[in-house]
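Both complexes below contain subunit A, partnered by subunit B and then by subunit C.
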Partner chain A sequence: MTETIAVLFIFFILILFGLIFYAQFQKSAFKEKAEELLQKRATETMLKVLFLPELICSERSLTEDNCFELAKVQAVVDGNLLEGGRGVDTEIDQEKRDYYFSIFSYATIKVQQLSVAADENDEPYVLYDHPLPKFTKSEPTFFVVALKEAPDTYHFASLAVTVYS
Partner chain B sequence: MEKKAQVEITFHWIYVLIAGAVILLFFIGIVVKQKATAEENLATDVVQILESIFTGASVSEQTKNFIDISSLVDYPLYFSCADGITEYGIEDLASIQNTVDTIFAPSELQAPQLILWSLPFQFPFKVMDFLLVTASNVKYVLVGDGVLFKDEFLDATYNAEERLHLDVEEASRLTLDTLKLGKAFHVRFIFLDGLPPQLPASVQEMDDDTISAVVFSSDGRAETAEYYEKKGTTFQKMAGKSQVSILSLGGERDAAKYAAIFAGTAEMYGCTMQKAWQRLGYLLAVYNAKLVSLQDYYATFYEEESPFPERDCRRFYREEGIENNFAALLEQFRRQLRGCRELALNCASLQQTAAQIETTNQQAAGECLALY
Partner chain C sequence: MKNKKAQMEIIGLVVIVILISLGMLFLVQFSLKEKPDEKAFTRKGLAFSTLSTLLKTTVDCGLGDEQRRELREVLGDCASNSYPGQSADASFTNRCGVEESCAFFTSTASGLLERTLGVWGKHYEFQAQFPARFLSPNSEPFFLSISPNAGGCAERERDSSGLFPQPTESVGIIESVLYVCE
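The block that comes next holds the complex of A and B.
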């Protein structure tokens, strides 16, 4: 009888080891997958921002790649347009906020002018700032874009998109 | 004593068998569960990859992407849109919902190759890119004699490399009966000069689900698209909503019109267009703000009344400027858009205002700064 109990005990210990090993493996696989998803989301968000009609340069219906219009950028920042605006119609604001949240989710989008003439202390244009509360990981992505200032003056700018998980 | 030992040995073996069976069942359970999970994960991965592909494709303006999905050929993909939410995925396995992207697709696809075509929707400024989804085994038959759009669509869908062009065929009413349709998963007829009185003989034997038609007509001001499905030996209007208005400024690669060809139903077209109107509303806020910055720019540029009012750029941007100035037009557009979002029937008024904004923009661009 003691022998049987000993065999059972060892068997269950082995099962337990197996389960612990499997759980650890799943945990690291889950972590890896989460990281992969975060990187994928960072790339996708950057792609979406680069082609955002609210920001891109357009002239007579023709759009320019990797170019933001300064007037639009300022309009978006001043009106807080990607985060619901500063209007009085809270219902529309909420709808707008939800809309852009479903595009960018938890992210921060900033544009910093890089022109030589620009003052080094210039504040970046914060287009969207929605970090995940108590986030554990963030993934910043950078891209160089042209910032078009009417009439036909271009500056270099850095576009920074940070996503959170 | 001997008898007791015999019972003990038998019990021992039964005990071993039960324990063995339990252990075996435990592992079989794990394997079955893992298999189900793996299948579910695979379907979810596929849908997520599809979402990424759609995101990439929809932002790459004016591009066609041919995606090999031969490994999914046994799984039907479905697309639907209701209450402003597009849903797509693998039937019964995994799906994804999207409230932003404008995806126009047949209701069901099952093919070795997926075709994604992105076209910018300009109304009058760029609103967003429409993603037109179809497959290599969906055939489009354009019927309409002497209609310019036919040649334009054929040109837009043709590629010298056979594997990189959509399966589009032109036909006339005379050749409809002798069409060779091959083994298409679905055939969509595009009638540009009215619905023929009877179903073409070439499709009468085909399954009802595999044939549909969209009929374009115009009263000179607005264009409409009406959706039909095959019922026995006739074309019948699709159940529910069957007609939609095509609101666009015309021109080549007219995204709104092309989208009507690729949308499975009028319901899907109308529902997806509502997303475009929503985005247009948000963009209008940006252009309104840009208008204010242009007004400020010209206010400092001129400082006082110009001696040549006919050359004064401010006339395009101020309320007191030309009749169709941006300030008045954008306000009118905003009001009309609000009406359109409340009731789709109100959307028709948008077209004229969009055309007026386009005209003013062209005038402004000639001598001053354009709005877009």
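The block that comes next holds the complex of A and C.
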């Protein structure tokens, strides 16, 4: 009888160790999965921005990859387009805000024109700025794009998309 | 009889221990298994977009709009003047403003790559080469190679932009490639 109890005791101790180990493993796996999902969202948001008709270089029906028109970028920034416009908070503004939020969710999108000299640092164009309140993690993703300035003048620029969780 | 029962119990215990050990080994192996590089796609796209943007960036080779050229033109000019056996009286400009084409391209490209890929913690390697059919067996195919001071992509897992062919007047098609690595 005592032996059986001892064997059962050891058996349950081992089961307990196994459960603890599995719980630890699941905890880290869950963390990794959350990071993976955030990275995936960052990449998806980056792709959405790269092909956004409001920004992409286009002529007639042809579009140019990895290229934004400077005039469009300036118009988006000046009109605060992706954030629902400026001025009176009308219903249309709210609709626009909801529309772009459904595309980008909590994110920050910036484009910065770069020159060779590091001291000639242009201010970045902030296209969309919706950080998650009290976010715990942010995932920045970078890309290089051309900023097209008519007529056929291209500037070297960086695109930074940050997503939050 | 009692002795046999004790032996059976020990065997049962051993079986349980073996099963749990196997389970743990399986879990450890599963957790240590290398995951495919999820950033590889982004890195490849980054290499492609960086090189395509770099080559079409407009630079000012002097004062006025007539002096504005795409960097690819400067690179083509550099290739024409770097080709082995190129005569001194060549009709190529070999200039971007007061600077020689190759020097101008190197300083401009290095500056822009360092301000983007360098700042983002990526290593990179830019190479421009002559077409193989133009070269003698012993000659060096690369006429221009740019990598950061911290080191290029040798012995690292790298992603390529793919070859960017570019026609030139004198040496035919030259090819550029950009490698990006972590």
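Simple rule for what comes next: the second predicted complex is superposed on the first by the 131 of 165 C-alpha atoms of A that agree within 3 Å, B and C clash if a C-alpha of one lies under 4 Å from a C-alpha of the other, contacts with A are read in each partner's own complex, and residues count from 1 in each chain.
In the analysis below, contacts are C-beta pairs under 8 Å (C-beta built on N, C-alpha and C of every residue); 3 or more make two chains touch, one makes a residue touch a chain.
Every value quoted in this text rests on a predicted model; they were computed, and no experiment measured them.
For A:T141 in the superposed arrangement: first (subunit B), second (subunit C), both or neither?
second
Considering only the touch criterion stated at the top, classify A:F30 as touching first (subunit B), second (subunit C), both, or neither.
neither
When the two structures are overlaid on chain A, which partner does A:N66 contact: first (subunit B), second (subunit C), both, or neither?
The answer is second: A:N66 touches subunit C but not subunit B.
Give one of first, second, both or neither to describe whether A:Q39 is in contact with subunit B, with subunit C, with both, or with none.
After superposition on chain A, A:Q39 lies in contact with subunit C alone.
After the superposition on A, what does A:T153 contact: first (subunit B), second (subunit C), both or neither?
A:T153 contacts subunit C only, not subunit B.
Considering only the touch criterion stated at the top, classify A:P53 as touching first (subunit B), second (subunit C), both, or neither.
In the superposition, A:P53 touches subunit B alone.
So in the superposed three-chain picture, is A:F9 touching just subunit B, just subunit C, both, or none of them (first/second/both/neither)?
Touch partners of A:F9: none, neither subunit B nor subunit C.
On subunit A, which stretch or stretches are contacted by subunit B in one complex as well as by subunit C in the other?
On subunit A, the overlap between the subunit B and subunit C contacts is residues 40.
Quick one: which bits of subunit A touch subunit B in the complex? Just the residue numbers, please.
Those residues of subunit A that touch subunit B are 40, 44, 47-48, 50-51, 53-54, 56, 58-61, 63, 69, 71-72, 74-76, 78-79, 81, 85, 96, 99-100, 102-103, 150-151.
In their complex, what parts of subunit B are in touch with subunit A?
On the subunit B side, the touching residues are 52, 55-56, 59, 61, 99-100, 120, 122, 124-129, 278-279, 282-283, 285-286, 289-290, 292-294, 297, 361-362, 365, 369-370, 372.
Could you pull out which subunit C residues touch subunit A in their complex?
The touching residues are 6, 9, 12-13, 16-17, 20, 23-24, 27, 31, 38-39, 41-42, 45-46, 48-50, 52-54, 56-58, 68, 70, 107-108, 111-112, 115-116, 120.
In the complex formed with subunit C, which residues of subunit A make contact?
Checking each residue of subunit A against subunit C gives 3-4, 7, 10-11, 14, 17-18, 21-22, 25, 28-29, 36, 39-40, 43, 46, 65-67, 114, 116-118, 141-146, 152-158.
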